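Same chain, two partners: chain A is paired with chain B first, then with chain C.
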Partner chain A sequence: MIELQNIFYEYSKGWPRKQHQIVLSDISVKLCMGKTFGLMGHSGTGKTTLGKIVVGLIKPYLGKISFHGKDISQLASPDWLFFRRKVQMLFQDPQGSLNPKKRIDASLRDILNITKIPFNQQKQAIEDVLKTVGLSTDFLLRYPAQLSGGQNQRISLARILLLKPEFIVLDEPTSALDISVQAQILFLLRELQKNHGLGYLFISHDPEVIQYMSHSIGILKDGNLDIIQEG
Partner chain B sequence: MSLLTVERLNVVFTTYQGKVKAVKNVSMTINYQETLALIGETGCGKSVIAQSILRLLPNNAQINGSIIFQGRDLLLVDEKTMASIRGKEIAIIFQNPSLALNPVYSIGWQVGEPFRIHQGVDRNQSIQESVRLLSYMKFDKPESAVKMYPFEFSGGMNQRALIASALALHPNLIIADEPTQGLDRTLIKQIIEQLDRARKIHSSSMLLITHDLTVARSISDWIMVMYAGEIVEQVPTLDFFQSPMHPYSQGLLRSLPENGFHPIPGQSPSMIENLSGCQFHPRCQWAREQCRWEKPGLFPINRRMVRCFLYD
Partner chain C sequence: MKDLIFQRKKYFTRIGGFLFILFLLIAIFSHFIAPFQLRDRFDPFLPPGLKHLLGTNDIGNDLFTEFVYGSRTTLLVGLLTGAFAVSIGVLVGLFAGYHGGVIDELLMGITDVVLIIPRIPLIIVLSAFLRPSVGLMILVMSILWWTSTARIIRSRTMQIRSMGFVESARCLGFSSWHILFYEILPNIVMIIIPEFLITVASAMISEASLSFLGLGDPTLKSWGMMIHHAFQRGGFLNGMWWWYIPPGIGITLFVLSMVFLSFAFEETEIGIGEEVAIVPFNR
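After this line comes the complex of A and B, so read on.
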């Protein structure tokens, strides 16, 4: 379980005199494994910022985040790496989250090299993960630009799944996709949750998508989080 | 009466990987004061049709067929005539407002551009026209908005500025290429309403390219469904939502939120490889042996056309 306690975050902008804008104020929420927490809100309300705080990409100004009961700011290097592997983020723009100069095969092998999977087991691991996300091995020699948005999003998801995560922050994973491809990705995410017990923080501004995906729902407005459905 | 008639349009791109057949034998008609919505998955060739109409395709594109606009074949007219048509008689609203606007010119300068190019008015007068257009698009303070730059506006405001610019000279045909992509739900409704209101006032026709079925439903008269570069169904909007006939159209409607997000299995075919028979057969639950080898034609059924052997 990931627990956020009294999270504050502010952006400072402007020059020479900086102005501080509070984006998140006193946010406390529990994110459970195997469940989806739907996060809604208008553009610019800090949904993505909260997502980045959950995966540890940015540090909150104040507050505590605990992963399985341990405060992540106190984690020593190996535990921190473990946390970063187990808590992943899927971004909105599928094309932008893959290296355009690397073939799909190389993008996937990067992950396996980082996790020190021996070379002779990599092929099998890639075949397995592509099967899970519903793609054939024909895609391996292509570049991201030669794939559609939905296919790129599946590859990004495959990269995440190679790390065997426990929790994924999904930052508007379908807002750049067509309606039919959106349905495919949502279906796939639900199947993965069922089979692997993944927890999701699902960020979207589409109420219908949130309703379909989430067990509990929160709305972020003026820096505050209102939980409107408990699951 | 028809304003634009496209006949047997074929567009092939030559790339280092092979020939990409982006548009295959597309024929369509847009009548005066009507809106035709072109729907389909990303990469099925919708935007290529729009760019062929305005002859904005890159050099590696080969175009065949004819595009008759008010008695002239746009594929045969010279570049000078084409330049006088673009913006004045046919206007386009591009899909990414932040990229379609030039970041180093002010909004007023860019919205007023059609007046300077086609009517030869001076700078001050074109800015005044921009103020009028922006107030018409319900900008709060149009006088100060014209002095601002695209990065100072949100995506929705940029999109409204682009629409204002496209409608400036009351074109006969507006091509709206995904005008609502990447915008919030509330903004989408607002922008679509403004676009439709402006179209009706100027009695223009519109070719709306979208993958958002709710947008297509709210303003179009006709719907044309494209799949892998081909038209698979052409149908009046009401009939489409009541009784879609092509298996792909049915699949699209099943994937809508109100119908429970049921996905269409499989992936769209590559536009480079030649898939024999019906392009949709690998994903179709009704596919039979004939669909694998024989290409279905467009079969007329009442007011609609469907490319499927089920209706032969």
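After this line comes the complex of A and C, so read on.
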């Protein structure tokens, strides 16, 4: 379980006199494995910022984030690496999430190399993960620009799955995709949750999508999180 | 617009590439191409002819042989200075742009200090006090020539740092080292190559200028040294154009090839399957 306790975050800009804008104010929420927490809110309310705080990409101004009961700011190197691999984020822009100069094969192998999977087992691992996300190995020699948005999003998901995560922050993963592809990705995400027991923080503007995906729902407004549905 | 860019790129690449390869082959195979040895002596002040394609100088050395061997020194100085200076600039720019904060301010502070050092006067002073040599020239130019590369690489790195795939790589747990050299670096190669080519051209012109001023390595033949000797030993006064015009043309054509190739890389940045993006041309 990931627990956020009294999270505050503010942006500061301007020089020489800095102006501070509070984005998140006293956010406390529990994110459980195997469940989806849907997060809604208008643009600029700090949904993505909260997502990045959950995965540890940015540090909160105040507050504590616990992963399996341990404060992530106090984690020693091996525990931090474990957290880093187990809590992942799927970004909004499918094509932008992949290095444009690398073939899909290289992007996937990079992940296998950091997880120290031997080279002779990498081919099988790639085939398995591509099968899981519903893609064939024909895509391996292509560049991200040669794939559709939906295919790129599946590749990004495949990269994350190679790390065997426990929790994924899904930052509007279908907003850049057309309706039919959206449905396929959402169905795939639910299947993965069912089969692997993954926990999700699902960020979206679309109330119907949030309703379909989530067990609990919260709305971010003026820096505060209102829980409107408990799962 | 896209066709026009491709057409220009094609011509720049062909002309620049042809000249570059031509001079490179001359430099590499100079001992096969040169008809005589550098120390061989013939009748002095001979005009161009069948035996001596560019005539002979005041002490009877064959000028075509000097031209061919001279290309070796000039290209060596240019290419080595380009390689060293661009390597320093890329490393400084990558680290400053990716890490930001104190590291950025420190590295850019050093860059600013190096940037305001007057380059040619410093080399002239050093050459006057130390024993002039090609190694010293390459070393000093490498230490001074990296600043513009560092600034350009830093700004591009700062742009790329905030892109989705870098953020994704950080989230996936890749090290800073991997992100810098395997994620960001492949995306700035198209900026590094023109920087290298322009640095090579700049170093070659500087080498020629210093050699012309008599501050080059007197034991080695270079195109700049040929012009220096023509000036010192009466080539200009006696109207012996075959002594000073060919090295001048050699320097001009090689620098032109560098500029054409850098245009070709700088004007378009094309990745496989990507749309054409025009890179700002602001050198």
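What we mean here is this: the second predicted complex is superposed on the first by the 231 of 231 C-alpha atoms of A that agree within 3 Å, B and C clash if a C-alpha of one lies under 4 Å from a C-alpha of the other, contacts with A are read in each partner's own complex, and residues count from 1 in each chain.
Note that in this section a contact is a pair of C-beta atoms (placed from the backbone, for glycine too) under 8 Å apart; a residue touches a chain by one contact, two chains touch by 3 or more.
Only a predicted model underlies this, so the values are computations on that prediction, with no experimental measurement involved.
Asks: A:Asn6 contacts which: chain B (first), chain C (second), both, neither?
Replies: A:Asn6 contacts neither chain B nor chain C.
Asks: Mind working out whether A:Leu186 is in touch with chain B, chain C, both or neither, as first, second, both or neither?
Replies: A:Leu186 contacts chain B only, not chain C.
Asks: In the overlaid three-chain picture, which partner chain does A:His205 touch, first (chain B) or second (chain C), both, or neither?
Replies: A:His205 contacts chain B only, not chain C.
Asks: Examine A:Ser28 and indicate which partner it touches, taking first as chain B and second as chain C; both and neither are also allowed.
Replies: neither
Asks: Return first, second, both or neither, reflecting whether A:Ser73 touches chain B, chain C, both chains, or no partner chain.
Replies: Neither partner.
Asks: Should A:Tyr143 be classified as contacting the first partner (chain B), the second (chain C), both, or neither?
Replies: Touch status of A:Tyr143: second partner only.
Asks: Is A:Asp110 in contact with chain B, with chain C, with both, or with neither (first, second, both, neither)?
Replies: In the superposition, A:Asp110 touches chain C alone.
Asks: Now for A:Val55: first (chain B), second (chain C), both, or neither, which partner does it touch?
Replies: The answer is second: A:Val55 touches chain C but not chain B.
Asks: I'd like to check the shared interface: which positions of chain A are touched by both chain B and chain C across the two complexes?
Replies: In chain A, positions 146 sit in both the chain B and chain C interfaces.
Asks: With touch defined as at the start, can you tell me which chain A residues reach chain C in the complex?
Replies: Chain A residues touching chain C: 55, 57, 81, 84-85, 88-89, 91-93, 96-102, 110-111, 114, 142-143, 145-146, 156, 159-160, 163.
Asks: For a test of understanding, state which residues of chain C touch chain A in their complex under the given definition.
Replies: By the definition above, chain C touches chain A via 163-165, 167-174, 178, 182-183, 186-187, 271-275.
Asks: Given the complex with chain B, which residues does chain A contribute to the contact?
Replies: Going through chain A, the ones touching chain B are 42-43, 135, 146, 148-151, 175-184, 186-187, 205-209, 212.
Asks: Can you tell me which positions in chain B touch chain A when the two form their complex?
Replies: Of all residues in chain B, those touching chain A are 17, 41-43, 154, 182, 184-185, 211-213, 251-252, 254-258, 260-264, 267-268.
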